[in-house]
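Attaching a single structure in structure tokens format; questions to follow.
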């Protein structure tokens, strides 16, 4: 899965009821643990005595905040965001959180997911005279909607509740008003969001690994559709949008989430091992070594090795120092750009029949270069095993793939694709078995990218009568 | 081996006889592949028409050069350096390469290793009136020595040859005069250096992975004591300092080098797998899972698993985004600082008896925290296996460990250390078998840190009569 | 007048009908000439093929744009802004121009002046659900108003015309829609704005010195209330808001504008000389030398010298290198902070009776230190002459003086103030004669700070029925 | 004098015997007052407990130190330098002070002037094996010489005394050893250096304005050839190099020094007024207004006006915001580049016969553009008066003019030059009278640029036997 699932951001928040202090630093460490969910921009907003301080910029968490003395930035509650939106790479107006001033003071929103009807919402707002500073920032749209809804509601949470029906798509949200912190997961539960505690302080994180990093106890995942409201006096849950059908994006288990996270009851690492085991049963091959494409293919490769009895080994070394600021390869190096990131471990693969496990095929170009690397290192055979089904349908809830023509699995048969990759065999996880990788999951899955069955309407429309 | 072997820098050079162009970019990619050998500073010096352009600064390769248009920096030959010298972290005078102007034009030196008699050499030079801009930069000392030797020698290579007997310790060197590029490996061969080709262009790299990254063919390692001189007209080898006894630092295989490199005929990855296998034979234990401490413990863990028949698995997830600019942990987070870098994979280790393989124990503090992490994640037992013998003696050829008292293996018995780590068992690779990990190596090893047998005198003295 | 008239920004725009090219550079040079009107932030917005590129940041013109290749930023029309708003010093959301996206594409506004009913407008907009990104940015308010007005108007210029009656206070504006550039001066003409030409290209500048710097021919000042609309096909003037009474801020002549500018027919330099001459007639004194407080007191001092026959000389040397980034004085230096900026010219003032001319007294603290400097340098007497009347009333059209209590002339009698300054005499330009300093001016003046007669209502209210 | 006298640096030092504290800040303010002497780089070196901290970089004083907390940089003594050396603009190795480590600890040197035999000294040192980090930095040469001399001398001051006879040219020096601060003025006294006090703390400054800015009392100028040594216990003067003939560069009065400085007893401002008066007597003309080219022509213009009875006025406005980072003019603007810096004051010059006073003519190109500006503004006649004689001979003590061919006065007769400038008349101060401008000066002058009589041999040679 080579850099294509772009809309998977990271959220982290805290309402520091136990007065632990170091609030901005805690959010910083939490975001740092969620850095894999978005490397384009980062931001932290802290509420102190009803005043907001917002720091955000393009770049990695460790770059954005190095100029600031976060230890001096105290407050009662705070939220942070790491962003994978490509439009936030160079344009800070598209970074999050978004903080605005409106008739009730200030309002801060951070969003993870993809609003499928974003354009329709924006058009509807503009037709009422709204102005936008960003070119593509769902949090700014949500700010507009909340500000308008708040005109006719008694509380911020009621305003948020008026906005939820307007949003089509995936959205985990953290929202701050001058004295409340609200966490919300969309009715389908497409993106994860969990809650933790340190003493009486309440924390929210996109993944459980964020809680663990800052020393918080994991309490539970938010239910699909649940809104948790934290005020100075209480914390309560509003379940009006919860429903029976739920649909966590299965790519969270396949690729997006960190393996040490547990999402909706399912260990991500175990899901990947399970995928590898299923793959071995469904697509066995006579071989000498199983290797994984780092980082997301490794757990599945170990699963494949365990099930098949073929030894597991390291076949590819990843250069850990590739960063945002890496200088663009020269023409001469462009065709070698995979070489900058990955190198084959000749001593392990030479003369061997290799099973190479990767998580998915979107465009397929990088994978072709990797097969080439392994063959050049002396592998006799390379059998590619993909720990997910064929990616056939566009995703409206979190990728930037514009149309089906760019999906390799749509353009080629498996045999054509195998030839294209110059692999000795190629097979995918069977579509029927994909949910078996997550037997412990407490909620259902969206697998629309594999089967085309979208869990909700994805048309870019809006019922304007609902906008105040 | 947590951040303690500091003097292992990376060298990369090219004499572009085939006029490939993009010379600074090629060195940049080469240094990038050698980034693991030093993260404190980086520099590139390019010779064009007898003029030198030098860019160097503190920081990572990808940070140092991002302000520059390397594609516009052309020339006939060039060298680069990544530095692990802690004194270069904040003080650019200690960064390398060092370029000076002297009676024969300009002279540029880049050094990998540790000059044991650096202080004596500096004192001797100062007693002749020499001035220094750096506080701790072996390349500046070597520039002084060459400049003086050159007064009474016909060529730059003869001047270098006069300097070699003055240097005690480890030194791989790349040296540029206005029209020659010289590569040199110390008579014991303590640090690696190899030579490669693209067409007629000659390349030098500390490790073979650097050559592979830029698309060069690996030709051979320099012999211990060999000096290779590249001029516009020829390339020749001077073997006057080569001798029978050679002593590559065995820590290159255990920890320093990248696993995909082949050093003196021995694959680094295979050496680590071998160490793991030997360890399994010497120190078997009844357990459920073998895990490695990333990154250097992974190959040995796979070796241990293979030999023992116990399954291999991933037990620790490393945060890949930790960088130089990471904000210092707050007091509250300090004790959790291991948590920022590593997280246990609960789903893999819970309820299991774990064999955890790490490469070495120097101070032992980080390892203690890692055992704690694994136990907290639910491991029933943690058996620590170290893929090298006990680190008992200070190293004068490449570490910054000031004295023996700081070495955990010196302060404690193995049983005390086990209790200290709260491990269920602890064992090391046997001293007798350490050379068995590298059966393909064409040269001998320095294992002084394990057995105290130093391959050369390490006193900080100099025969001043040899300095011109 | 020590750093207190904060809302005097600089505007510069061009519609490049002659395709001169280098459009961003031309605006850059224009802003550079207007740098004296605002040093807190700077910005340039360029329209190319209906797409806007906006660069803005806190800092001086020469600092903000140094990272950018302006020569590559081409387009059909563009506007720029230098900002004196103290709230833009650290917060880029308060910098200008402001560019937003709305139902008709994009909209860019740059403003010079002070909107007296800004808070009421903001409240009214918020009560309709509007959200704000800035804390204090009149251009964002105006964007909101135009976007709403545009819902019910056929053209952008009609939308602007609907907004004008809502704005109380001073406002020169440059506004860009995807294909039009609009320049507007408020109905009173409180702030200047003029129009120039290079070939068929139309330029706008706050002062004529901006036109001269870029080689444009000065055409004329906009009339008070005039709106000039430049489209691809035509340029026309809309005078519906022009009225008989006009009220240019007289401080433009006294302090704000550059002496080489001609504002509404009156040379700024001549106005200052005239003020000096009047002062000499009204407040003669027996003295040896006339000096001016640089920079704005110099022309008036020459006028005083000419009229009185007392020789003119330089008495104070100003350090030209004081900038935004100047390190805050230590405690020991704080009382000497005037010494960092000004030094007395002992050789000129020693033993002499000095007439020292300054432009105005607001708080009076700096002036006191200057008198001290001159006396310490050996002046026998120091006679302070102020080239404007007593500053007695707050300004609602361009200063940040919150209330009358901070105005020295309100708190003290002239005699008390003289003692406070330790001057040997102190006198001001007579109120009756202040308009005589600008006999060539084609429009009237606002002198409310001297006489309390405000040219329009300054209450912070808004007729909400006018907002769409 | 348009940006051509490049080697006039600024020195500032303090030995803080009274323990005033804030030592780095004091040097910072001192350098700030001397900023006019060099804008290419700046540096401060502070000695604390025999340890040196050095901060230096390319750029203005206010830019170089803004990243540092100078208030935390304390010590017993310190020196600073502002540099006008064009080779220090981009290459920090050519910036000063230079700090080196040598056999007696550390040594820091800051230099103002021009060492005429720098190349010969460098060659001689290189022939003894010396290496250089800078390409053009006299302070590094002096460090080498002192380090060698110190081998055979009992004290640092004796080492300095051994070096003085080796140096040909101009040199004011500040030198720090681990416990001494030495100030030295060359035997001819070509560059200024003065001494001041705050309590018992001793301060040195290139000009008296530096002392005044930090609140120090001016004590006296160093004599030509005097060396002042400050130790923890005493302060003493060594006059062994003082001689009868002295030769302050007369351009210090004409152009280089700040008008509020007093150099060797002569007020710089009075010298300029005197030059203007002499000029008026020698070259009278019937005219309506006298103007000066800012900044250095203003005082002379006032002198001319006083003597001639023609009124003085401001004719040119200088943009004060031009800085190092100013973006290079586009092709279209290049011919208008004078317009970016200067604008004519039309209201003052229109229809008038103008006397325009400038300090000198080197290449003459800028002056030609200024005459054009004034004529375009409507002046009927422009009579150029130069307040120094014709610049005919190259200067070896402080300019970067390579040869006589580039000096306009050498290439053209006065009449040709007048035509070239398109001036109505042109005249210079008479050579015989140039010393009359500084009647109070306690020392003689070097006027070699006017009369070719160099005060010492300027050949680029060195008696190598004197180098240890």
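Note that the chains are named A, B, C and D in the order they appear, and that numbering of residues resets to 1 at the start of each chain.
Quick note on the criterion: contacts are C-beta pairs under 8 Å (C-beta built on N, C-alpha and C of every residue); 3 or more make two chains touch, one makes a residue touch a chain.
Everything numeric in this text was worked out from a predicted model, so none of it was measured.
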Graph separation of subunit B and subunit C (steps between touching chains): 2
Furthest chain, CA centroid comparison against subunit C: B
Centre-of-Cα separation between subunit C and subunit A, whole angstrom: 49
Subunit A and subunit D, separation of their C-alpha mean positions in angstrom: 61
Centre-to-centre distance between subunit B and subunit A (centres being mean Cα positions), rounded to whole Å: 37
Chains that touch, pairwise: A-B, A-C, B-D, C-D
Complex contacts: residues of subunit B adjacent to subunit A: 20-22, 25, 28-29, 32-33, 35-36, 60-63, 65-66, 70-71, 209, 212-215, 258-260, 262, 267, 269-270, 295, 298-299, 302, 306, 311-314, 317, 319-323, 325-327, 329-330, 332-333, 336, 339-340, 343-348
Touch list for subunit C against partner subunit A, complex: 99-103, 107, 123, 126-133, 135, 143-144, 147-148, 150-151, 468
